[in-house]
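Shared chain: chain A. Partners: chain B in the first complex, chain C in the second.
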Partner chain A sequence: MTTDANAISSSSASNPSGGRRADSIFRRFNVGDALLGLICRTSAVVIALMLASLVLVLLSSAMPAIREFGLGFLVSREWRVNELERPLRDAAGQIVMQDGEVVTETIKPAFGALPVIYGTAVSSALALLFAVPLSLGAALFLVRVAPTLRIAGPLSFLIEFLAAIPSLAYGIWGLFVLAPFLQTTVGPAFQNTLQNVPGLRWMFFETVTISGKLVERPIPMTGRDMLCGSLVLAIMILPIVTSVSRDVLKAVPRTQIEGTLALGATWWQSCIAMLRYGRAGLFGAVMLGLARAAGETMAITMVIGNNNQINPSPFAPAQTMASLLANEFAEASEGLHRSSLLYVALVLLAMSLVFNIVARRLVIGTTSPAGH
Partner chain B sequence: MSILQRAAWVSAVGVSIVVGGQVASAGEVRLGGAGATFPAPLYTKWVAEYEKVNPSVKIDYRSIGSGGGVKSITDKTVAFGASDAPLNKKEIDAMGGEDKVVQFPAVIGGVVPAYNLPGVKETIKFSGDVLADIFLGKISSWDDPRLQELNSGVNLPKLAITPAFRTDGSGTTHVFTSYLATQSPTFKGEVGAGNQVKWPLGQGGKGNEGVAAVIQQTAGSIGYIEQNYAVANKIAYGSVKNKAGQFILATPDTMSLAGDGAAATLKGTILRADIWDQPGEKTYPISAFTYIILYKDLSNIKTADEAKALVSFLKWATSSGQSLATQMDYAPLSDNVRKAVDAAIASLTHDGKPVQIK
Partner chain C sequence: MTATMTQLRPDIALRAPAPAARGASAVTYPIIDAIKRGETPEPRVHASVIDETPILHVRDFQLWYGPSKALHGISMPIAKDKVTALIGPSGCGKSTLLRSVNRLNDLIEGVHIAGAIELNGESVYAKGVDVIGLRRRLGMVFQKPNPFPMSIFENVVYSLRISGERNKSVLSAACEKALRQAALWDEVKDRLKSSAMGLSGGQQQRLCIARAIVSEPEVLLLDEPCSALDPIATLRIEELIHEISERYTVLIVTHNMQQAARVSDYTAFMYLGRLVEYGRTADLFQIPQLRETEDYVTGRFG
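On to the complex of A and B.
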């Protein structure tokens, strides 16, 4: 970023000094230049203001929840909108009675974001696990193989076309095609082969707390679960990871590749060297994919099962930050509930911001100076 | 009279005719209502039918959810609000106290346990405590002895139960959880009742359509949805054991009886009654009123004519409009309930004067 800024400032410094004598009058009164300059500056300021006001509005609306829960919000598991009224129990676990009546205690609503942070982290990580190998393979193919076959153009177009499909379409496909397939074929297949493997019981059984007792029960295979959500996310982040990786690999200097070949590397070894050379940029591409996966809303809401729980099984329903907002925001009228949802939105925004900043630094660092 | 004067006279008459015409079209009354989504199809039908009876009245009902309806009427941005849950004390105070508010039931709805059990033709029977234990995770398979005991003669499969629930705040969840809380102390203490609760397990869906999607796609699933939504989408639902020990299937008739049981408790201008688990041989136990909320003095409405139009519409809806309710699979108010509703509507005033209806 600093090199870009230097380049612009140095060129703007050298230009006027050269042209000032020749057509200074014309330049000074060029309305078009002045107007364009004004429009550009205003646009830049407006965009910055928009982001700033977004953060401010989120922060101020989330304030009641921030005051109430503080940072403990991020590690608390409980998300309960309603009040609970239950019999008061003493230290020995006995129900407290007074004048022949059961004494009740009222438990206030509680809001904690750990289940949705977990859901977002795991679904995004699994999506990367599925998407990154595919994307890197496709990018390598586009850079090293496709040009010789003269299909790089159409293939790139197809991959980028995936990015233009609305997320709702992915959601509907996930709900009506992928989920039933997982429910009837993939899930049971895993269940039959792995169920009795020692150490894998957690994949197929869940424990539910009822009246303080832990009850174990099989997880029903529904197809709308963490696995389905991650698969849909993986397909959705494929295009961006592939196209950015392709640009990063294109920027690897020809001399590098020729150098490896000259040293006797096989085609495979030179590909590996290429990936290693562009690793910072490739990591940036992955981070961009991660940012998209973490923020995806419509499609994930349709396929992840929408249960605010932390369950390690990929066959259990889960919830992400974005899907929680999509599910609950419209009907959330209660002050603290709404405010807690906005707190979640703030966390999501902060996370996306960090991913994007890291990714930009890494991608710009590799593609611009080395490319030319 | 000169020609000039005559011309002036004619043009004056012409102008007055034009002005008169404008007055006539301004006689059209536009009123707004907002709130609950559950009765929205019926309210929209009422509005359309009422326009045929009284073409000058145009009512616009927006289904923005019960919470939004209460907020809209409190802020006076609509003529009336609609909510599945009755106003609580705090909400009444926000509107200015008990003597400033009118609330009455408009129609009755029921919540049904809908399920997906391939190969089972019979209607499954449930009881309140069995339903509670299914949603708590205690009963996890369809061939559980307690389900078999209720459904002797039905070949229940060995199939895992997937409970399905609403993820958005809704009156449907309020009714269902309130009923289960009366049936199971464990449910009351661990899940509780409310528009949105924390379910210990299962799959979430947004809206009736979200829950219905889970049920239709998953063999062995059970979820709670509105009775008329289940009927319209041909989703199988079970009968529920009522207070008299009978297994009753939700129909407009059996849900209507639930309202009738509470008629005696409806008094004053703020009518409310929880009508789940009412006595009666044929009463469906998971029923609830959905309410219309107004300011007692309709000063949020500009003219007396508009107030009159609103009151006529409400009277029509709670009398002649009730037969439309039955057609659309809502349960009508019984005669006893309508008496209380009529009294509440009669208490409405505009700028302190009673609203006169011919």
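On to the complex of A and C.
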């Protein structure tokens, strides 16, 4: 050590040209530093600009629809792409005739996002309902049981591998495996056991208006419905919720777990204490799952049935914001239609942004060492 | 503060290390050297220890972390209703021994043991022992305050809650009693419902003591309870240990020799997983039988 240091100082002292400059307290211009700084700054700015331009383009394209419908768009149930001609009816509901011909009225196209907002909210909520208990259980297993069995590594890999499977694969599996199974086995089983239970009739029957009359009819079991969509979503959000929950639970200090055990907590009670300690982070994990479920497009489009309606039954087809966009955007030629779809996209973007921000704050608050 | 502390144990005045090392190079520690060679010399246990009624009895206890042996044949009785301190340099196994009493080492992968630790004559490592029930009979306080993220009240009554106590009045009576015993009641009585995380470090540690004594444990295990606290908070905890020692048996691990001298009745000096000398604190600090102990407690080695 000492000889090295001596060697360096003697060599710089014996170098009369560079020695003076190196000792100066003024900083010297360094091309490499400047260049790297410039590249980093540019990259950061470009990414921020991309997000900004994305929002701006969406906003400007959605402007005609925003002007036309305002915030009422969010609560309107109508989604009619084309003009509709229909017989004019008088106050009594009779078709108005004039000169022996039926008088028709023309209804303008109308767009409202409530059915897709409902579809997105319900399918995501159901997906969370299926996925969160499974994810928390798996995360607890990975943190508290698997290490002693030496299978935490391979199991974590398998769970995270689920996230690498393309969305389309889930969709195809849902369409060809899950949907027929629901249609032929699960749906009828529920129908046979529950349809005569008072208060559950809405699950299997729907009331529709056919030529002015209210008719109750059974919901056809297609297998491609809200239930199928939620199940596929649940499988797709399992990896993220599990791996984030696992990290949150891993960050629970050892002293917390030992503290509960030293007071005589059972294994189960100390797990509860762990979940409680990490509750903010776990909530964040759930929010990340929710954001993913709400934005998922390909798989859900294949299995949810794509019917723009609000039907409380899990066996009825539905539509989410993302599946609506996937279904209609390519064919949306008319200005207001296109603009309305972009309005839906804007709502989806805002929702995802809120979920992500909330989740990020909660997760970072609990897993970073500076947190507690 | 200092005045109060000296009153606690007026019989013990720490001897300052002799300024001139008497033949520094010539000093040899045959027992330490034997331990370093891997032997387990017979510990020097004073007769005063044997005369006491033991509540805990460690019998030829050995512990391995995987292939490495951390405790070598420790045998020592722990006197009932007294404060016993475990001292020794880092890595001497004092915390390991403490955590063996309530079987908290069971959680660590690869730990296995031989020998026995008896609580009131019953081996805690016997087959079929209810570990949960055992831990409920032993309170424990850790190095760093570890309040749970809940209210002060819920922290204190945690051990009662998890053993199924629901009665509100029982819980609040127990909470008040424990907080009074832990000398924290006056500071927190108006904010029992607020989060325990908002307390200062010293208050959090007293809360942890209240939490440990709320179910009236037979032995209170303290694992360096002041190592994360400032000097003033440390003094308060030491006074508190002195007070609660009237009701409970306390086994305390400390790396601070002055602390052992101030709070304990008995002191055990450990080195590299072996018990070296064990006796009345006053004797161990003032008339130790071994040169090793004398030089350790006066700070000349270790």
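Points to keep in mind about this one:
In the analysis below, the second predicted complex is superposed on the first by the 330 of 372 C-alpha atoms of A that agree within 3 Å, B and C clash if a C-alpha of one lies under 4 Å from a C-alpha of the other, contacts with A are read in each partner's own complex, and residues count from 1 in each chain.
In this text, a residue touches a chain if its C-beta (ideal position, glycine included) is under 8 Å from a C-beta of that chain, and two chains touch if they have at least 3 such contacts.
These numbers come from a predicted model, not from an experiment.
Overlaying the two complexes via chain A leaves chain B and chain C side by side, clear of any clash. Residue by residue along chain A, chain B and chain C are tallied for touches, and B comes out ahead. Of the two partner chains placed by the overlay, only chain C lies in contact with A:263; chain B stays clear of it. In the superposition on chain A, contact of A:183 is made with chain B only, not with chain C. Applying the stated contact rule after C-alpha superposition, one finds that A:97 touches neither chain B nor chain C.
With both structures placed on the common chain, the touch criterion links A:54 to neither chain B nor chain C.
When both complexes are overlaid on chain A, the residue A:35 reaches neither chain B nor chain C. By the touch criterion defined above, A:357 reaches neither chain B nor chain C.
When the two structures are aligned on the shared chain, A:80 is found in touch with chain B, with no touch to chain C. In the superposed model, A:328 makes contact with chain B only, not with chain C. Looking at the shared chain after the overlay, A:210 reaches chain B, while chain C stays out of its contact range.
Remark: least CA distance from chain B to chain C after fitting both complexes onto chain A is 50 Å. The contact sets of chain A with chain B and with chain C never meet. Across the complex, chain A meets chain B through its residues 78-87, 175, 179-180, 183, 206, 208-211, 215, 217-218, 220, 222-224, 301, 305-309, 317, 319, 326-328, 330-333.
Residues 147-148, 253, 255-266, 269, 273, 276-277, 279, 372 of chain A are the ones that touch chain C when the two sit in their complex.
Those residues of chain C that touch chain A in the shared complex are 102, 104, 107, 109, 132-133, 135-136, 138-140, 142-144, 146, 148-150, 158-159, 162-163, 197, 208, 211-212, 215, 221. By the touch criterion stated above, chain B contacts chain A in their complex at residues 65, 67-68, 70-71, 136-138, 140, 160-162, 167-170, 177, 185-186, 188-190, 192-206, 210, 213-214, 217-218, 220-221.
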